[in-house]
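What follows is a set of structures for review.
Two complexes follow with subunit A in common, the first pairing it with subunit B and the second with subunit C.
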Partner chain A sequence: MTEKKRPSRAVDVLLILMMVLPLITAVVLNVLTAPAKEGIVIEGARVYYSANPDADLSQVFSTDFILTDAQINSWLVMISITGLCLFLTHGLQEHAVTVRQHIAEWIVEKVEGLVRANMGDFHVQSFSAFVCAVLGLSVFSSLMSLLGVFAPTSDLSVVGGWALLVFLVITGYKACCGPRIYVRTFTSDGAVVAALNVIGEVATPISMAFRHYGNVMSGAVIAVLVSAFLQWLSSVLLGWLPGVLGEIPFLQVGLPAILSVYFDLFSGALQAYIFSMLTMLYVSGGFPLEEYIKRHSHAEKSSVLAA
Partner chain B sequence: MQSLGVISINIWQALISLANLVILFFVMKKFLFKPVRKVLEQRQAHVDGVYAQADEARAKAEADRDAWNARMQGAREEADRILSAAAENARLTGDAMIGEAKNRAQGILQEAEDEAEQTRRVAAQDIRREMAGLSAELAEKLLGREINEADHRQLIDSFLNELEEQHDTNQ
Partner chain C sequence: MTEIALAIVLGCCALGAGIAMIAGIGPAIGEGYAVAKSCEAIGRQPESRGEVTSTMIMGCAIAETTGLYALVVAILLIFVAPGSMTAVITNLGK
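Let's turn to the complex of A and B:
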């Protein structure tokens, strides 16, 4: 117990590289492939690869296999998060000596506390990791915009995929006591309400996806608009300066950074929190806990009798 | 390079994104929650163990203390008993010694008194004999004749006895 082992340095360096390299890769990739923008350009994810090059990519719904920078950035973020997890849990020991272990324990305990507060003790063991994954992926994806690259969360498909998964989880939990109980949650209040219930059920993932996507995307849009406006303003006010000086948009220094604190940091974290919060509330709200416990204890009882 | 529309959804992108979240869930579970929970459980178990040991040690210490207190109490009572017994013993011995000394003193006194009495009696007899002789001699000289010594002694004895009786009654 008195022996206080430090985690090995070589592994640490590798793990830190695993965290940092994907982010650098994202920036480099963005710089290499970004077209020169003129004026106000607001567009979605750039397509790196398309299985059907002739397809019209501007349509709202497409089924062709494509690979966009949103997807690539999403994978890079995942690698980075994995590296972070490995780094934080590297060299864990019972007698905590490292800051990173305290951080790892803090994260676990906070997420478990959040799940416990919103869903009850029953779900803490099984659901905490999922909530942590949603939070982590969402926050770090939104924060990618701080690096100047396309944030995966401002792509509707990415957030839509998460919302679809949440919908599946909600439905899975709702239906865990058999289809009879699941159907009853819709039809218990009559036919008209049943129709509304079904619409509400389908609306859940759509609203979650659009809420998250819309908030992050609107931040990006406002950033572009403000940036363009400041460029215009500085060309009007400072255009009389001789030579190259007149072309430098001085007014773009400062204000976009302050806006970025809100739209990238605060809004990104807030939307991640809201998304995971809604996930927890929908799942725990839809889960028939009493019925489940009744059946579970019944099953236990019968197994005891059988034994 | 082409870009997607701002509001656009691609089914493959969505499915890949869904899979991403599932993968990250397993990553979190395996690489963050599992090891941290394990360590927390170990620590909890250790802390519980330490607490149990401390409780045990305290219970033992309290039992020892009670036992020692009981023994101390017993020892104190024993000491008191021994002391009081010794005091009683000393008192009895002293009384006995004093009694013996008194008896011996009494005996010595008695002996001395007896001896004194004896001496007095012998002295009285001597004096009586002396006086009888003297008075006979005196009377012989006064009367000028020989008187019967035996009669004379008898006479004097009766006279002395009378004197003694007188003396005793006076006392």
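Let's turn to the complex of A and C:
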């Protein structure tokens, strides 16, 4: 009889704390620093720290260094996801006995299946981890709004950073067979089309960033508008009630929650899926697979011959 | 004089935001067409429902891009442009 080894409890508690504490920190920071809101207030990320508060923010290239809650929340999300991954993979065994190992294996299998379906077998090994990271970060960042804090994905700077990273990956894979092949992908259809191709290439990160940011941001704007409208409506309809009863916006109960199911849960998950899907399609579409395999096998042959 | 200039700029910002959102017509028609076609496809081949649905959602997301450009322009015109334009005009007035 072999005794099943269970993962140690103390490490588990530490990892769960690593998952939960960043989220609690985000909520507490938000509660402590949020100013009281009246009516319709739609604002961007709050600035926690500014190295040079007098700098002119209306300029595009400001010399100021600022720390906003979008940045802080996205780092907290990253710490929390790291804790989740460590927790799921803690105490792995050859034959899965724990629930968390089943969950971890399910995630890995699903992501590998997604990558295989969209990019082919060649990229599964190298790309599953990256796609899963993009997907998880995007989903959890969007879901931060369920805790009532500023979701990092509704800040253009955060999503723009992701899109820039993905653009670098795409360009790296396109140019992996040398600059000649990279330039040929633009100029293969003539000079006029080449200019359009260059514009389309530059537009890739912009459109990816705007798509993700615009969807999450529009949900936040609509939620604020609807709840402000309901507040006004209940003050008109129910304002005659005596005392405190007249001041409570009863009509705000219910409808914003239904909107939140769509805009926070569905739209957030969908945008994460689309972002990672586009990453996969752009990379596998731009990667010169045949050329790469030809060179690779040629290099192997020549090294064999040299030996 | 500065007040009149400010009023014109603020009014034009609001007007421009409204005009920008006319672009919402395009993605609406495009996505409706995509969904209609995918409904037809599912009706013809019900077993391909999963693949058709995921492809349709991808296509809708890409068709939605132009609408989101308009949304970003409108948001910039409402929340960002008035502040920076006010700063410019008050500097000119001095």
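Things to note:
Everything that follows uses one rule, which is that the second predicted complex is superposed on the first by the 297 of 307 C-alpha atoms of A that agree within 3 Å, B and C clash if a C-alpha of one lies under 4 Å from a C-alpha of the other, contacts with A are read in each partner's own complex, and residues count from 1 in each chain.
As a working rule, a contact is a pair of C-beta atoms (placed from the backbone, for glycine too) under 8 Å apart; a residue touches a chain by one contact, two chains touch by 3 or more.
Since we're looking at a predicted model, the values are computed, not measured.
In the superposed pair of complexes, A:R46 makes contact with subunit B only, with no contact to subunit C. When the shared chain is aligned, subunit B comes close enough to touch A:T33, but subunit C does not.
By the touch criterion defined above, A:L270 lies against subunit C but remains apart from subunit B after alignment on the C-alpha atoms of chain A.
Residue contacts after overlaying the shared chain place A:M119 against neither subunit B nor subunit C.
In the superposition on chain A, A:F130 contacts subunit B only, with no contact to subunit C. Judged by the touch definition given at the top, the superposed model places A:M280 against neither subunit B nor subunit C.
When the shared chain is aligned, subunit B and subunit C each come close enough to touch A:M217. Touched residues of subunit A, counted separately for subunit B and subunit C, are more numerous for B.
Residues 42, 44, 58, 217 of subunit A contact both subunit B in one complex and subunit C in the other. Across the interface of their complex, subunit C is touched by residues 42, 44, 56, 58, 207, 210-211, 213-215, 217-218, 221, 270-271, 273-274, 277 of subunit A.
The residues of subunit B lying in touch with subunit A in their complex are 1-25, 27-29, 31-33, 35-40, 42-43, 46.
Residues 33, 35, 42-48, 50, 57-66, 68, 70-71, 74-75, 78, 81-82, 85-86, 88-89, 92-96, 101, 104-105, 107-108, 128-130, 132-134, 136-137, 152, 155-162, 164-165, 217 of subunit A touch subunit B in their complex. Residues of subunit C touching subunit A in their complex: 57-58, 61, 64-65, 68-69, 71-72, 75, 79, 83-84, 87.
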